[in-house]
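Next, two complexes with subunit A in common: one pairs it with subunit B, the other with subunit C.
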Partner chain A sequence: MSAPTLKIEDLKLAFKTHRGLIEVLHGISLHIRKGERVALVGESGSGKSVTARIVLGLLQQMKTARIAGKLEFEGRELDRLSRRDRHQLRGTKMSMIFQDPTSSLNPTYTIGVQFREVLDRAKPGISAADARLKAVEALADVSIHEPERVLDSYAFQLSGGMNQRVMIAMALANNPSLLLADEPGTALDVTVQAQTLRLMSTLAEKHHTAVLFISHNLGVVREFADRVYVIYQGNIVEQGPTGALFDNPRHPYTRALLAAVPRITGGGIPDIAETTDDFFAPLAAHAGFSEKELLA
Partner chain B sequence: MPSLIRLLAKRLGTSLIVLIGVSLLIFAIARVIPGDPARIALGPNATAEAIAALRDRLHLDQSFLTQYGYFLADLVRGDLGTSLYTNRPVTSDIAQFLPATLELVIIAGLMMVAFGLPLGILSARHRGTFIDHAIRMVTLLGVSAPGFVWAVILMLVFAYFLPLFPIAGRISDSFTIPPVSGFLLIDTLLAGNIRAFGNAAWHIVLPAFALALSGIGQAARLVRSNMVETYDKPYIEMAQSYGFAEKRIARRYAFRPSLIPSLTIIGLDFAAMLGNAFLVEAVFAWPGLSRYGVAVILRKDLNAIVGTVLIMSALFLIVNIVVDLLVSIINPRIRLSQRAS
Partner chain C sequence: MKRTLLILTRNPLSLIGLILVALVVLSAVFADLIAPFPEHRGAVVDFVNFNKAPEWPYIFGTDLVGRDLFSRIIYAYRISLVLGIVVLAIAVPVGVAIGLIAGYVGGWTEYLLMRLTDVFLSIPPLVLAMSMMGLLEPTLTNGMIAVTVMWWPWYTRLVYNLARSEKEEGYVLAAEVIGASKLHIMFREILPNCVPSILTKMMLDFGFVILIASSLSFLGLGVQPPTPDLGSMVAEGAKYLPDSWWLTVFPGLAILIAVFGFNLIGDALREILGVDQ
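And then the complex of A and B:
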């Protein structure tokens, strides 16, 4: 079997503060194979987003961040790459989609100008005409009917859903092998979010792009992920295939998380403890879905 | 860009209203300050008849509104009256003194932009490091003292103790330059006299720098703080996630959006230099309009006061319009909302 697109082994992260080190990730391991859609689920502050930023190499620039562990991308150990080679991967082989599409676009340039900057990463010196042609194509792929008009617009002139499509189109324009989706569209309303996520999912499939979904939204995860990792306070507490994990949650924290989903039938949100000792129970992997078995 | 033209027309219209208001106000204030302009002009030995004749010529015995009416009627003909101080038309006084002030203020403004912006950008890019701290210290020094204090310090250090620059004046007496525009830096070039140009440039360095220092500090600190704030925006992280070069991110993603709020203030600072120039001109014996303004106020030279203030206000408004245009060029939100409204 070929090397997984992304393999994280025993990743640890701590921030140095004036009160000493604060540990954020206590050694998490996960992997994603080519074209796979994997979700990393947890509450805010659990360490989901920092994981994505470490993969991209964004957190490494922070002077206070202490990072340990092994990151492999398509079989290459990322920390062994030269700075330049590692930088080269960003925006070409891996790209990211952010929470709030409208504020993630530069307000002083048109979509078209920014699209060209993105395409320029994979094809340095791409001409304006070529870039425009490719951008129009990419926007058509995310079902934008007037790509020309959108390219000449500024982010603040477009709706949130439209900007989200633009972000998806940009993220996939260079055919990356890995797409990191950090709470994609959380800032959008639910129907628009579902629409754009479906688009992202089918498009990722078409490009054979592996997706790491980072989310606290279990409904989204259930619909779009093949496999799920549940993260709690910097530890992976449960992992398994989406269906089995939702039908038969093993770890106390996962059960609490699933119980916290509000039901349309009413009854309010169940009372669950902020934190109990149970939540720190060791990792529960579903049969055949531990890192060891999956990577064998 | 028809939207820009519309913006310009709108701003010119409001500026005209402001100018009328300013003229009324200064016209009134000049007449309220104690002292009889006719007596001051003619001196202590003047006869009562002479004073009465002058008061009559200046319409000083008429009602305020009548006086203002005379003033407006003259103004539309481009006549600001005669100065009692120089005995010349106020317009020719202004034409003589204004270029020196403008030259000083424009050079100071260029210095503000040329030093202030790069320092601010450098500081923001290296935020939290030694470079940042050093720049912030130096710029704090710049804003902590007004221009005329710097003028005295700079003059002492760089013209007196270390005679690197001339102490005062616009150009050495040995040069005779035919006035064309009144801007020595331009007229010397028109005369083809490179040495005179160098001499004039050498003279303007200290006064312009003294005038610019607080602006440089202000601009640098403003650009830094706005840029540092912009560095926390999601689109910066997005740009980093795509691996754009740091320089590119600094220029296009951090600096440019942050320039929008900075530019308005920098424009105001630039306009404020017109006022600060009064004291700097006094220190460096710079023959500009500001020095003229002080002299005529002390002599209660009504026409000259109103004329000087009016010209200064007009310049202030022009600077503001230019800044507004620049802001709307770099801020698509304003540009496009103009079109919509």
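And then the complex of A and C:
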């Protein structure tokens, strides 16, 4: 089997504060194969977003961050790459979509100008006409009916759903091998969110892009992910194929998380008391879905 | 543009500001055509008509050596405007660049740049300019240098704070993710979002630059005679109050009109560009 698109091995992260080191990730391992859609699920503060930032190399610039572990991207060890090569990957081979699409676009430029900047990353010096042609094509792909008008608009003139589609089009414009979707569309209303996610999912398939979904929304995860990693307080506590994991959650935290899916009766995010055995329950991998077996 | 004009003309205060500034700028630009005695801007002596109260053709009266005050005020405007433009044209880019770098890059760079800025801000502006002028020859150029040196830190502070808050915006993160360079993010992403605040401050400052420059020459540290300058004209005339009142009142009014006008426009601009202070 070819090397996975992304492989994270025993990733540890700590922040240096004036009260000493605060550990955030305690050694997590996960991988995504080409074209696979994998979800990383957990509550706020569990370490989902920092993982994505480490993959992109954004956290490494922080002086207070202490990072250990192995990151491999398409078989290449990321930390061995020169700064230049690593920088080269961003925006071309790896891209990212954020929670709030509207604030992710600069309010002082039209969509067209920003689209050209994205395309310029993969093809430096692309002409305005070429960029526009490509942008129109990419926008048509995300079911935007008047791409010309959208390209001449500013982000604040478009709806949230429209901006989200623009972001998806931009993120996939350079045919990345990995798309990190950090709670995509959480700022949108649910119907629009579902629509755009479906769109993203089909497009990612079309581009053979591997997607890492970072989410706390189990409904979204269930619908869009092939495999799921559950992260809790900086540890992966359960992993497996989406169906099996939802039908038969093994780890106490996963069970608690599933029980917390909003129903009419409600209930908060679960917590496991740190004194119980449940808290120390080992990683639950579904049959045939441990890192070892999958990467064998 | 249409909307801008509409807002400017609809609000009576902005309209007054617009008229005052237009008056000042036009008289400065067309000084040669408007001034009844263009040669009076220099060293002219006319003892027959010295120290005259306002009367035709000397509508603002004449000074102690018989020069037409109206003509001199118009030429003084020209110098004030040039000074304002030059000072802001240097102080703003310098201050903005330092503020952007400090606000975005952070760390030691921020610490160093902002402490340096604080040093300048901790000295009362006029005292700083005065001590600079004490070291330099009192000429127009040196006056501009002195005012510029005291002016840039205010823009650094302003842009520093703006950059620090803009830095947290999603579009900056998005730009970092696609691999934009630091320079690109500072000057192409963050700066355009700071422009409204910078423009507003510039407009408000224009009046203050004129005021400070006048204060310097009032103290005898700015432009030297016979070059006409509003500040030194007020200083000169103050010795002859209240008898020769026109020597002080008209140059003083001229300063008031310019400062007031630019401030009103600045306020209007703030409203138009939606800057909240």
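Definition applied: the second predicted complex is superposed on the first by the 280 of 296 C-alpha atoms of A that agree within 3 Å, B and C clash if a C-alpha of one lies under 4 Å from a C-alpha of the other, contacts with A are read in each partner's own complex, and residues count from 1 in each chain.
Going forward, a residue touches a chain if its C-beta (ideal position, glycine included) is under 8 Å from a C-beta of that chain, and two chains touch if they have at least 3 such contacts.
Given the structure is predicted, the values throughout are model-derived calculations rather than measurements.
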Side-by-side fit of subunit B and subunit C on subunit A, or clash: clash
Touched partner set for A:Gly20, first subunit B, second subunit C, both or neither: neither
Which superposed partner A:Pro282 touches (first subunit B, second subunit C, both, neither): neither
Touching partner for A:Gln157 - first (subunit B), second (subunit C), both, neither: first
Which superposed partner A:Gly125 touches (first subunit B, second subunit C, both, neither): neither
Superposed model, subunit B segment overlapping subunit C, candidates 4-12, 22-30, 58-66 or 184-192: 4-12
Overlapping contact positions on subunit A, where the subunit C interface meets the subunit B interface: 56, 58, 87-92, 95-96, 98-100, 103-109, 117-118, 121
Residues of subunit B that touch subunit A when the two form their complex: 233-235, 237-244, 248, 252-253, 256-257, 260, 330-333, 336
Of subunit A, residues touching subunit C in the complex: 56, 58, 63, 87-92, 95-96, 98-100, 102-109, 117-118, 121, 167
Touch list for subunit C against partner subunit A, complex: 107, 169-171, 173-180, 189, 192-193, 195
Subunit B partner contacts - residues on subunit A that touch it in the complex: 56, 58, 87-92, 95-96, 98-100, 103-110, 117-118, 121, 154, 156-157
